[in-house]
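Dropping a structure here in structure tokens format, bear with me for questions.
Naming follows writing order (A, B and C), and every chain is counted from residue 1.
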Amino acid sequence: MREKLQRGRGKEVEEMAVDLASVIQIWLAALFTIWAYSFAFRDNAFFKFAEHTFVGAAAGHNIVYAVDNVRRYGWDPLSKGATLYAVIFLLGLVLYTRYHKKYFWLSRFPLAIMVGIGVGLSLRAIVTAEFIAQIQSTAGMKVVGVDSFTAFNNLLFIVIVLAVVYYFVFTFPVLHGGSRGAISTFARWAMMAAFGYSFANALLSRITMIFGRLDYVMNTWLPLPGAILALPLALILLIYSMIPAKKRPWPK
Amino acid sequence: MSLFVRRQLPIAIVSITAILVMADYFFRIAATGPIVRDLQNWGIILSAFALGFGAVNLFIVHTRHISKQTSNQWPYSIWLLFMVALFAGVGVFIGPTSTQYMWIYNASYFALSATLYSSTGFYIASGCYRALRARNVQSVILLVVGGIALLRNAPMLAAGYPILIDIDGWVNSVPTTSAQRGIMIGAALGAIALGVRTMIGRETGFLGRRTEAER
Amino acid sequence: MSSLWKKLEDVPREVLYGLFLLAFIIPMLSPFGLPIPISADVRKWFATIDALPAGSTIMIDMGYSAGGEPELGPYAVAVTHHIFKKGKLKSIYMATSIDGVQLWETLMAEVKPEQYGAKYGTDYVHLGYMAGTETAMAKVGTGPMPSTDYKGNSIAQMPVMEGIKDATSFKLLICYTTGGDQSEGWVRQWVTPYKTPYLSCVLALMIPTMLPYYRAGQIVSLVSGATAGQYELLNKIPARGIKSADVISICHILIFAFVVLGNIAYYARKASEGSRKGG
């Protein structure tokens, strides 16, 4: 079923209480967007500035939520009498001995707890979710008692699953030699089909994301006073900064 | 003794913790329930502590740049550390959902994150023209399937040519799902093997660099 | 002749980027109003939420990062409109992504739940970001729930948390995510042990890796954020998703043309070089 929605042209007219803080925020976000995209053309000083801004902001954001989680899940129970949490606090700090030349091995203990929990959580569910359930689903595909197209599809499905699993058995090299190599070749073809599908979807993802940013620049920033003049200026400065330092008059 | 404490004990902790977590799930032993719930809480706290590693590494690297005045880098390093301090300071002392924090978040981090994440789209577009070549059977299959999916993903074409939806549906449900399922089963086997090897101490990557005694 | 094909084959990337940008800008300046078909998966997602009985509680994971917001944000907005518009549903949000709380604030500012009479603490609550991904999912699954919301306020007396103790208290699980850890983690930690119905919205590029779970019946409906326009059509609340449809169409046609042209130039050059050597 297909439905059609006719959309009129032009921008939405939106009532917005635009204060100075919001205006500055929009300007900064739009300029950062333009500077970040400029790397696709050439590395330049504005991109480096944007890149370092992002890395610093991301690290700071991580610290904020590290403190938040330690406070909510560690400090609060500890302050309510769960004294064992003092040990976990200590272990959390001991993680940072990793940077010490002599006592780095102390960090192995809290790491061991984290790794143990991770291994336990994933092992207990992987067997059911990614092994048994997948095999059950494959084994349950009917090749008799259904129409010929469905039977063909199901048979092809089962053959591809088996071939791909066979392809990834590297323990016995003899499995891939001689005429048995045809199974691996067939598996590679099937995987190429999957990767082709993935490639198209990856492109769809990126296009949607780029649209989101360009929509912001065009429909949120450009309508602001001065932005329409600032855009060509920003682009000229960007192009100038892309000139190699030796070839431009200033700065060297 | 030293080698036991520094090497064998952490491996033993991994095994015991993993076994407890799995035993609680598979055998529903009453005694393990509260222990595992506490362990999960501890896991969250330790993961939260681990979030600071990025900032520490950045601090080490960029203070080195600043002290050595690495040309064309040190001013950016100062700015980077300033941003770390700004976000951490505002977020921790004023609040991560405060107006001030949301302002700096939306003005910088959000815009840059979204932009950098999407910028690979340009490289994909350029790569499609300059690099994607139908040179052999495998690349032909990739291009044909990719081309069908590309056309189907254009809503206008999918609406105008419904056969694209049917073909894409077949590609989606037969070769793609089956190949991915095969990959998933293989990866699951590998993950199980890796988990068991970690528990028995054959996989020791998480221990990090070796002490003198271990060398 | 072969030099012409060589020039065509070696078009500078700046030209390609420029054409790519034009494919965005032209439909944005002048929307064509191109049609959008609605997929069966999006309809299934919509129907699943519509079929929820009154009083049901939904666990919603804001598992996407700021980088994925342009794709997943519009879909999350459309679904949130649907949930609040339907009414009599309780939504408990959590974040396995470190950006989840900030993105949730942005989401709520766009949706304005008060227009549907929804109140924080009564109809919805946010439990905050929890580090550890699968550890956090397992903790919330086994219970007890965190004792505070994302601002540190106690949730014990909030009506929305009444009767909520573990995964079995939820009728539906929704996850918007940019990470395989989250989308697959929920299958391992909630769907497998508790059989919670699971709706997954991921980046389009993650769809192929999630398909095996979907076809095995572990996920009720699997969509990408790029289908937001379709959900908005079903919801009858047009927003950012529909705006992108024209751009997506034109860009895809351009990329298809790139692939075809690039290969034509390659093979034509090889053929003309081959005939030059032979002749």
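Simple rule for what comes next: contacts are C-beta pairs under 8 Å (C-beta built on N, C-alpha and C of every residue); 3 or more make two chains touch, one makes a residue touch a chain.
None of the values given here were measured: they were computed from a predicted structure.
Considering every other chain in turn, the ones in contact with both chain A and chain B prove to be C. Of all the chains, the one whose CA centre sits at the greatest distance from that of chain A is C. Among the chains in view, A has its Cα centre nearest the centre of the complete protein Cα set. Averaged C-alpha coordinates put the centre of chain A at 7 Å from the centre of chain B.
For the pair chain B and chain C, the distance between C-alpha centroids works out to 18 Å. Separating the centre of chain A from that of chain C, both taken as means of CA atoms, is a distance of 12 Å.
Residue positions of chain B touching 2 or more other chains, listed in rising order: 25, 40-41, 43-45, 47-48, 50-51, 96, 105-106, 109-110, 113-114, 116-118, 121-122, 124-125, 128, 143, 146-147, 150, 153, 159, 162, 172-173, 176-177, 180-181, 184.
Shared interface positions of chain A, defined as residues touching 2 or more other chains, are 2, 4, 40, 61-62, 65-66, 68-69, 73, 117-118, 121-122, 125-126, 130, 134, 137, 194, 197-198, 201-204, 207, 209-210, 212-213. Multi-chain contact residues, meaning those touching two or more other chains, occur in chain C at positions 17, 35-37, 67-70, 98-99, 130-131, 135, 138, 193, 204, 208-209, 212, 215, 226, 248, 252, 255. Touching chain C in their complex are the following residues of chain B: 25, 33, 36-37, 40-41, 43-45, 47-48, 50-51, 95-97, 102, 105-106, 109-110, 113-114, 116-118, 121-122, 124-126, 128-134, 143, 146-147, 150-151, 153-160, 162, 165, 172-173, 176-177, 180-181, 184. Against chain A, the residues of chain C that register as touching in their complex are 14, 17, 24-25, 28-31, 33, 35-38, 67-71, 73, 98-99, 128-131, 134-135, 138, 146-148, 152, 184, 187-189, 191-193, 203-209, 212-213, 215-218, 224-226, 233, 238, 240, 242-244, 247-248, 251-252, 255. Against chain B, the residues of chain C that register as touching in their complex are 9-11, 13, 16-17, 20, 32, 34-37, 39, 65-70, 98-99, 101-102, 105-106, 130-133, 135-136, 138-139, 142-144, 150-151, 193, 204, 208-209, 211-212, 214-215, 226, 229, 245-246, 248-250, 252-256, 258-259, 261-263, 266. Chain A meets chain B in the complex at residues 2, 4, 21, 24-25, 28-30, 32-33, 36-37, 39-40, 48-70, 73-74, 77, 84-85, 88-89, 91-93, 95-96, 98-99, 104-105, 107-127, 130-131, 134-135, 137-138, 153, 156-158, 160-165, 167-168, 187-204, 206-207, 209-210, 212-213, 216. Considering their complex, residues 1-9, 40-41, 61-62, 65-66, 68-69, 71-73, 76, 117-118, 121-122, 125-126, 128-130, 133-134, 136-137, 194, 197-198, 201-205, 207-215, 218 of chain A touch chain C.
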